[in-house]
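So, here's a batch of structures to check.
Okay, so chain A shows up in both of these, paired with chain B first and chain C after.
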Partner chain A sequence: MVQTRMGDGMKIEMSEDEIREDIVRGVEDAVDRAKIDTLPQEEIDYLTDLYTRPSKFVSVEPGNEVVLTFDEGSVKLKRLVISIGRIPDLQIYERVFCSDTAELAHVDYSFKPVKPIIAEEQIEMEQALLSTILPLYYGAMPNLSLYSQPDGEFPNPAELLPKGKIDEAQKAYEGMIEHGIKDMVFVSSKMYEAGADGINFDTTGSAGEPDFLAALRATEKLKEKYPDISIEMGMSNEFVLGMHGDLEYEGTNLAGLYPHEQVKMAEKAGVDVFGPVVNINSSESIPWNIGRTVAMMKACAEEADIPVHANVGMGVGGVPIVETPPADSLCRASVALAEIGKQDGL
Partner chain B sequence: MSSELFEQAARSVVDADVEEAKKLANQALEEDIPPLEMIEEGFTSGIVEVGRLFDRGELFLPQLMGCAEAMKEASGILKEAAAAAGEETAEDIEIVLGTVEGDVHDIGKGIVASILEANGIKVHDLGTDVPTNEFIEKAKEVDADVIGTSALLTTTMGANEDLIKTLEEENLRDRFKVVVGGGPVTERWADKIDADGYAENANEAVRVIQDLAN
Partner chain C sequence: MVISHALASGMGGVRTTGDLVARLQMSEGMRIEEAKEYVADKLDVDIADMSDPVIMDEVRKEYGIGRVQPAAGEPKGMEAKMNIAELLDIKINSVENFKDKTS
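Then we have the complex of A and B:
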């Protein structure tokens, strides 16, 4: 029997056959949902071997290392109740965690609330750039929900839809998109002009496909304005939630797109690095979750013409949904995604 | 042929065709098909399929609302007939629903509310960031059968445990069934905190709540 975990982090023991069966079931679920190719037998064997090794820690073979990119880096150590400012936090990512890029972010982590404090953020970015050498992004979430009542001026679609006011809800979303684009372009422009190497649109799609569309359009505008700006786009969910239902980008309805389809939209908009998400099912085992995750991530990487950096952390990318991800699951998911999932980075 | 009518009923819900759903409900009554059988075998099969398609990203929120409306209208006609015939319906079940304190995630809870309502369960939706005492006060006020909570964060799921403890302290634990759900919540967690039920998605919530209330 081998020790592994459930999706909620609970330790369990499974036999090698059970682990293999769960990996296969997870792959089948991904194939069925995302309409992608299955994994060949040798890759199932590799994953089974990876998840039945008794060692607590595993790693990739030399030469198979991938880029490590951290989103929201400058506010994450604070969550561990470490009294630390944002710049020392970034320095730790650079010099202790060996991160290849990092991201300055505000604790509100949405573009809208950064608007009134943009001058302060520019100063912080300038100081951060002077005390680090790694490529430094500025990141936030499009977070379109902030543009509807009670936080914004548009009627709240979550209240309109249950009343059957579908047209009104769709119009509200369309207004929210325009305001979101404006804020994303404003904040990103200011931070790029302050020296940021790039911008990260993180947790894109959290308010459904209107949120995704706003980030795509903002990317287009920024690329037009600053052709050399680097744009990273991280997703929030394995498929784009259809909250509006009729929004298209370049002739494709955005609702319901899976990672291998999302990345093509991102490419068309001019995104440089794409961060796909595959969610964890907390009621299934980690072997089931990793089979599913790797199948979807591999399909995305194979479809992509830009670098793909999988989101790997709490509740995504084959890692249990616990506040501090366990090392045994985190390292195995990282190896699986690098070796089989064909990711360029994590 | 009732099986054909059941299939048409299910299809009308999936297609969010309110008028067709109402027409089929009336047709079932004319053909002396028991109203509750028409709901369970026909329209409910449709709403279960709707939940499945939504869960896979193949059907979107505006369509889901239309499907729920078709289900609600058709089952309304049939329930009225069932009540006239003295049959007990799910409408007798009342639930107080909300996202726990400190958590503002609304989408999943809203979908559960719509599907519960479509299945004839009366929902008192308290919204998000709901303190424990508000769940209890509302449940007492409306004499609810079930309190349903949603928690999307590992840091907020503990509020479910607080709710159950508070119900015990106030000697109300036997009065209300507690059903929990949300991303980090599992059946094991529900068992651990002594909740009465756990639902992974909206369809399962309907089944669990109906089982608990009956």
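Then we have the complex of A and C:
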């Protein structure tokens, strides 16, 4: 018997046959939901070997390393109740964690609340850029929900939809999209002018396909304004929720798209690096979740023409949904996605 | 989590060449293998050595592109980035801003 975990992080024991069966079931689930190719037998064998090794920690073979980007880095140490400013935080990411990129972010981590304090954010970015070497993103979430009542001016679609007020909800979403685009373009422009190496639209799609559409349109506008700007788009979940139900981008209905389809929309808009998500099912084992994750991530990377950096953290990318991810699961997900998932980064 | 990823699959950032490969992905849209080949060619190193901190520490010192434990007088921060832009033949936004403000 081998020790592994459930998607909620609890330790369990499984036999090698049970682990293989769960990986295969996870792959089958991905194939069925996303309509993608299955994994070949040798890759199932590789994953089975990876998840049955008794060692606490595993790594890729030398030469197969990938680039690591970290969202929201500049506020993560503060969340650990460490009394630290954002620039020392970024320097720690660069010089202690040896990250390949880092990201300046505001604690609220949405574009809308950054707007009134943009001058302070620009100065922090300018100062951070003088004392760091690694590429520095400015990141925030489109977070379209902030534009509906009580936080914003538009009627709340979550209240309208249960009442059957479909037209009113759709109109509210359309207004929220326009306001979200303005804020994303305004903040991103200012941070790019302050010297940021790139902008990260993180957790895109958290308010469904209106959120995704707003980020795509904002990307278009920014690329038109600054042809050299680099934009990373990280998603919020594997499946674009259809909250409006009738929104298209370049002739494609955005609702229901999976990672290998989302990346093509991102490319059309001008995104430079795409960050797909595959969610964790906490009621299934980690081997089941990794089979499913690798199948969807690999399909996304094969379909892409731009670099793909899978989200691999708490509750996504084959990592248990806990705030203290166990290294045994995290390193295996990291290796599986770099070696089999064909990722350009994580 | 950051440390586990770095050990399991990371390139190593300024300890090796991860920051340089990341720049090629971000600004030129290169996939991982193409970006590694580009950086290896510019640094005149083998791809297999790009994640070796012993070799790359010497290479980074030689080119003045910043390293994880720099000595006094070595390029750091913006100085190192100016050398990176020239060595990799890429535009770095903050370097361009710095030149505009100081020249």
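Basically, the second predicted complex is superposed on the first by the 346 of 346 C-alpha atoms of A that agree within 3 Å, B and C clash if a C-alpha of one lies under 4 Å from a C-alpha of the other, contacts with A are read in each partner's own complex, and residues count from 1 in each chain.
Rule of thumb we're sticking to: a residue touches a chain if its C-beta (ideal position, glycine included) is under 8 Å from a C-beta of that chain, and two chains touch if they have at least 3 such contacts.
In this text the structure is predicted, and so the values were computed from the model without any measurement.
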| item | value |
| --- | --- |
| Chain B versus chain C as contact partner of A:243, first or second or both or neither | first |
| Chain B versus chain C as contact partner of A:195, first or second or both or neither | second |
| Of chain B and chain C, the chain that contacts the larger number of chain A residues | C |
| Touched partner set for A:8, first chain B, second chain C, both or neither | first |
| Which superposed partner A:58 touches (first chain B, second chain C, both, neither) | second |
| Contacts of A:321 with chain B and chain C, given as first, second, both or neither | first |
| Which superposed partner A:168 touches (first chain B, second chain C, both, neither) | neither |
| Touched partner set for A:331, first chain B, second chain C, both or neither | second |
| Contacts of A:302 with chain B and chain C, given as first, second, both or neither | neither |
| Partner chain(s) touched by A:97 [first = chain B, second = chain C, both, neither] | second |
| Doubly contacted residues of chain A, that is, touched by chain B and again by chain C | 314 |
| Of chain A, residues touching chain C in the complex | 57-60, 62-70, 93-95, 97-101, 129-136, 192, 194-198, 228, 230, 232, 272-273, 305-307, 312-314, 319, 325, 327, 330-331, 334-335, 337-338, 343-346 |
| Of all residues in chain C, those that touch chain A in their complex | 1-16, 18-19, 21-23, 25-27, 29-32, 35, 47-48, 51, 65-66, 68, 76-78, 80-81, 84, 91-94, 97-98 |
| For the chain B and chain A complex, residues of the former touching the latter | 56-63, 65-66, 69, 106-107, 110, 113-114, 154-155, 183-189, 200 |
| Touching residues on chain A, where the partner in the complex is chain B | 6-8, 10, 33, 158, 161-162, 164, 166, 169-170, 208, 239-245, 255-258, 279, 282-283, 314-315, 321-323 |
